[in-house]
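One structure follows; several queries about it will come next.
Labels run A, B, C and D following the written order; every chain starts at residue 1.
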Amino acid sequence: MTTTVGIEKDLREALGRLLAERCDHEHVAALADGPQEWDRDLWAELAAMGLPGLVVPPEHGGEGMGFALAAAAQEELGRRLAPVPAMSTTAVQAALLASGDSAEAARWLPRLTSGEVTAAVAAGRTVDGWAMADDVRATRAPGGWRLSGRVPVVADAAAAGLLLVAAGADGDPALFLVDATVKGVRIDRLDALDPTRPLAGVRMDGVPAGRLAGHEEFTEVFQAAERAALVLLAADAVGVAAQAMDMAVEYAGTRRQFGRAIGSFQAISHRCADMLVAVESSRALVAAAAASLDDPSEDTAVAVDLAAAHALETAVRVTGGCVQVHGGMGFTWEHPAHRYLRRAKAAESLVALPDRLRDRAAAALVARLDHDNEDN
Amino acid sequence: MATVPAVPAEDAEPSSGGAPRPPEWRVRLREFLAAHAGRPPQDKAERLAWARGFHADLEEAGLAAPGWPVEAGGMGLELADQLAYHQEMTRARAPKHPCGLSFIVAPTLIMHGTPEQRERFLRPLLRADELWCQGFSEPGAGSDLTALSTRAVRVQDSDGDHYLVTGQKVWTTMADQADWMFALVRTGSPGPGGAGISYLLIPMDAEGVTVRPLRDISGGAHFAEVFFDGVRVPAANLVGEENKGWAIARTSLGHERATAFLSDEFRYRRIVDELLSLAARTGAAADPVVRQSLARIEASVRVLASNSRRALDLVLQGSDPGPAASVNRLVKSEFEQELHEVALRVLGPDAVLGNRERTAPERGRWTYGYLMSRASTIGAGTAEIQRNTIAEKVLGLPSHRGETRS
Amino acid sequence: MTTTVGIEKDLREALGRLLAERCDHEHVAALADGPQEWDRDLWAELAAMGLPGLVVPPEHGGEGMGFALAAAAQEELGRRLAPVPAMSTTAVQAALLASGDSAEAARWLPRLTSGEVTAAVAAGRTVDGWAMADDVRATRAPGGWRLSGRVPVVADAAAAGLLLVAAGADGDPALFLVDATVKGVRIDRLDALDPTRPLAGVRMDGVPAGRLAGHEEFTEVFQAAERAALVLLAADAVGVAAQAMDMAVEYAGTRRQFGRAIGSFQAISHRCADMLVAVESSRALVAAAAASLDDPSEDTAVAVDLAAAHALETAVRVTGGCVQVHGGMGFTWEHPAHRYLRRAKAAESLVALPDRLRDRAAAALVARLDHDNEDN
Amino acid sequence: MATVPAVPAEDAEPSSGGAPRPPEWRVRLREFLAAHAGRPPQDKAERLAWARGFHADLEEAGLAAPGWPVEAGGMGLELADQLAYHQEMTRARAPKHPCGLSFIVAPTLIMHGTPEQRERFLRPLLRADELWCQGFSEPGAGSDLTALSTRAVRVQDSDGDHYLVTGQKVWTTMADQADWMFALVRTGSPGPGGAGISYLLIPMDAEGVTVRPLRDISGGAHFAEVFFDGVRVPAANLVGEENKGWAIARTSLGHERATAFLSDEFRYRRIVDELLSLAARTGAAADPVVRQSLARIEASVRVLASNSRRALDLVLQGSDPGPAASVNRLVKSEFEQELHEVALRVLGPDAVLGNRERTAPERGRWTYGYLMSRASTIGAGTAEIQRNTIAEKVLGLPSHRGETRS
């Protein structure tokens, strides 16, 4: 336990140092407003630290440290709005690990953990989470499958060398792996509310695909990916919120009005206090959810959904509050406040909406209660 | 329009027989609007020219400024008629006056301006021949007027009686297009209640005026910084007494806001109807949690309508709309934010798209509105300041600065 | 218009004077904590002012002033926590008027408007509003109907000389009028969260009843009663909230801490500002809803539901805030703050819950939209 | 219990083979609990006697005070074991110690008391032979300690070294049953940081002590006012230094709260499970809007559990739990209110019934809780004060009193 705490502390510090140097506001702004979609160089440095392999066991070239540590790392990435596809890549890793398909795992996991390839999830998107991509058809072909159709919005697709595609095959849901670099895959960039997590439409025209999960394994494997995505997205949101809070507190302590620092007025100071409570609460829930992914139980789904709902919503509130505390300054393009708001707001509807997650969690809790009562 | 609540009875389309005849002005307005019907041009510059033409014609036809006194070039209509006027305009989707700020400065001129100032400025303003920008905010002075530091020093020389203005304004909308700025400038020592501040009309084409665009949260440049470097402004452009500018700005702000709320009322009604349509279309309206939000938004838009009528009523009775206007200002600023929060919830997964993404629902307007409305609790005095005002001015609670200071 | 404003002002002033004299905190406390359930003497004085007949047309002995004025009056009653059954009585009057049953109207309305008799609604209670009382059976008898069964919770039943009962008759819903003073009616008092609006269980053992509305008119007549009840309950809540706000502001302006009036701290002053905004907003919505009852349109149901949801919820928030602003003092039995909280909180679930009202309103708005679109 | 989240693994019932043996204390505790199992008596006085007997036996068996040092009569258990201890007690529905306040004064005595004080007071306190009440609040002094005005004047006469105490305390729980009060009294001039305040142990049976019950919001008398009229208290009952009492009270409050949170954690878990059951039973859980509230409550109870473990962790590492404890205090006070708001929503139409109505669901407990929890943001420093503390002590923002004062 102490060791884990120690490792986490070391990792956070190392990441913090790297990001302070390589991912400051100017860098993020230049990248977000420029033509480049993500930060390949930063990803390479993160890969050198072992970051893309945190949840992957050593036999596939990873660190095998689990989601507890991956979430801590993602929080640091969120703090600096790092434009790297860690969340999407980890989600696809989780699917590979959950599938038990050792051939595909052996093919892709080493390249994903080394940072050579990043991945993205090409799925249908609903308020309740990922679903099958309606407009993609999978057809059998000699030696495998071929996919055709389009997925309108895919996060981190521009960076991706590997796509996890949820599509119908012979009328049943299935998951496919597609090498994004082959001919027939077209990536069309979209204007994203949060340019640090770029979006694109994906078109596939008869591209070869490996089937990772058929009808029977579909739900379990897809859920593994979605839960990984939700926990990392939530961890990211904790970092986004924590940094926005720090910025707000810093400004409130220095900016003066009516002869006093504005942070001495309760309208500001109590707002900041509420930010702290919300951020600390989110962090606690996300840590529990990550731990629950590493050590699954019947409570895992609830822990993930509650944590994601809380953290995603908190980040929107805190980053919005940060804009507000900064007054006119926070409303300028130059000030980083809006970039934090954008990352938070886009994350809120990227995978599943907070209220839907909450609904699912409450329904599960009540159902479990009925179940327990029947047992007694 | 689906959900327009109770409106004056004569407002309904007249039925075949026995309906009361609308008043003369309304007949003329309808004719005018029918004659001027048409789609706004796509091009931005053309659209501005189109709107200017519309409002020049409107002024020509004696159909501009429904609430202003006739002597000032307005129509002198009563409250109910003003409501009807705005409704006609909204319904016909008439182009908004290209310069909303004109209607902040105009009441000030009507109440506090010299006859020369009224003569010189009001007509071109109504016709949109001249556009105005507002110079109140400064980088160091948001809600705290004692920090206002743009200086105007009075000099009398061979060119006559002038002010030399030096300093900086910020968050100025339309500064690049405006012909004039109505500005608050420091002419005396800072003190409570905005002491030492004067209200001055500054020509934007004067030497020493520099406009620098300011990119805002949406990525667009809807605002600018304006720098003054020894700008000469004739002393005849002073409105009211020297050092008494803040009181002037404040009163007319209050009065103006009361009437500005009126046109907002119909605009908000339309936006809420559009939101309801969006929710129906996306299926989000089937979600009971979303329905709670929609009902709250609907309640707010009704409250805003009722409050603005009440505020205007007070103004028309010659009372100070201050309290009612303060309440409405707060409700309105938070309403705009909530409305767009709900809108993004209704968009669901599509809320990740940027406001410039052409495949986004309704071309990203809701996301754009979401971003821009983050300022609605900042602009025109923060929501915090508005709460202070309500607590202190309406409820009579002691000052938030602590009694030890006063 | 000016006349209406003038009449309302006069009525409010007259009521304010009467209540200040006859219904101060000590009086309300003594009554609420004592054995007596309601204030007969006060009701008599209100009747002398014409209050119980405000919505009843002159041909039935009323003032015919409509709900706009009745709501204004109820706000004043709420301000003083007046323990009188105005809301229930008006609801039954509304049913009598909506039924078009001139015999029953002639029999009961004059006695209700004169204040001689008060009325109560004995119905099933759901989160969505009044329903049929499940446990009451109506059977035909020579010359009319007889009712048997029980209604678990009825507001103002102890005071009532007349009961409006919603019960099944031959399998169909119907509304009945029961003289509450006849043999076979038993009223069992209940401990109420809000003793100023007393509750009782009602048992009926084959008591004679007149049918006010059969299956066909049931919905319209019952809705008229429920809408009247909601508007008056909401108006009452506005008064409750307004007075609680005044108490909080008064206390915040005088009570000192850390060398300053506590109302100079934004934690308190902004809370008070929010109270004002909420109260003013409620009042505006309630006025619109009352006007809409007087001049019905397709918007009436929505106007009533939105107003009631807003006002009922606001009253709970403001009275809770009033307790909070008063600190320990507000937590004592002696201080009136809790009586305001009780009246507000009980009103919230007396007829229909705010969130259910909101749900109904939103559904109606969207449905209307669809309808309009189809028309176009 | 349905929804207990992750607990230490050894906590599960040992399976048939190969499970680790529980530690010795736990075996003894289980035996003790099994031997003392039984339903609490219905009668209030009997129930108190029963609880006192239980805790006297517990102390006798060396199974009281899991977190206290062994020298002070406790078990000296580590954090994880303390958690397990509280879980065993909650699971067995063991009677709570009849006087929770004992565990506020005890750490103070352990840390700051004289050896004589520890010897005299701790054992009877653990056994519940002597009950304690707390005398901090005063009518004029809530959060503002400079206003604390109960005076203790030191006199030395033929009876020895004494304080003469005069003044009034309010919101005292169990004052009518308590044998002792630990009180803050004024011995010096008011000043910042609670200057001039001393920590004194006052015998409740002393001459000049008057207890007057205070009816609270629920209609019950759970509190009292206590009046002191020249009460003689031996100077030996002073804890720590004269005029330094506030710092003592504060530290031990912080430390104590951290451990008190632990037992709260399991209690809250149970209440939330009961709320979920209620929602399932009434059908309210089928309402999506209610489900949102239930999920929020569930998230809060998990946050509370996590925070209190963290706070306790800090205490056990010898750090100040201040910040974490402040956060938890605020979360907890608002959680209790929200929980009961949701509960009344779940009750639906039945929420109109009073807390004394026997036909009310679960005999009115939720309504009673609703009313009593209105104080949870008032007692122990208002929610406002807690936010000040977080802003100033944790975030380092300037004082809310305004810099002009300091």
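The criterion applied here is as follows: contacts are C-beta pairs under 8 Å (C-beta built on N, C-alpha and C of every residue); 3 or more make two chains touch, one makes a residue touch a chain.
Predicted model only: the values in this text are computed from it and were never measured.
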A-B or B-C - the one linked by more C-beta pairs in contact: B-C
Reference chain D; chain at largest CA-centroid distance: B
Rounded Å distance between chain A and chain B, as computed from the means of their C-alpha atoms: 41
Centre-to-centre distance between chain C and chain A (centres being mean Cα positions), rounded to whole Å: 51
Chain B and chain D, separation of their C-alpha mean positions in angstrom: 54
Junction residues of chain A, two or more chains touched: 259-260, 265-268, 270, 355, 359
Multi-chain contact sites of chain B, meaning residues that touch two or more partners: 287-289, 292, 384, 387-388, 400-402, 404-405
Parts of chain A lying in touch with chain B, wherever the complex brings them together: 125-127, 152-153, 155, 190-195, 199, 201, 257-260, 265, 267-268, 320, 323-324, 327-328, 330-334, 338, 341, 345-346, 348-350, 353, 355, 359
Chain D-facing residues of chain B, complex: 287-289, 292, 401-402, 404-405
Residues of chain C touching chain B in the complex: 249, 252-253, 259-261, 263-266, 268-270, 272-274, 276-277, 280-281, 284-285, 287-288, 291-292, 295, 297, 299, 302-303, 306, 309-310, 355, 358-359, 361-363, 365-366, 368-373
In the complex, chain B residues that touch chain C: 1-3, 5-6, 273, 276-277, 279-280, 285, 288, 291-292, 294-296, 298-300, 302-303, 306-307, 310, 327, 330-331, 384, 386-388, 390-392, 394-404
Parts of chain C lying in touch with chain A, wherever the complex brings them together: 265-267, 270
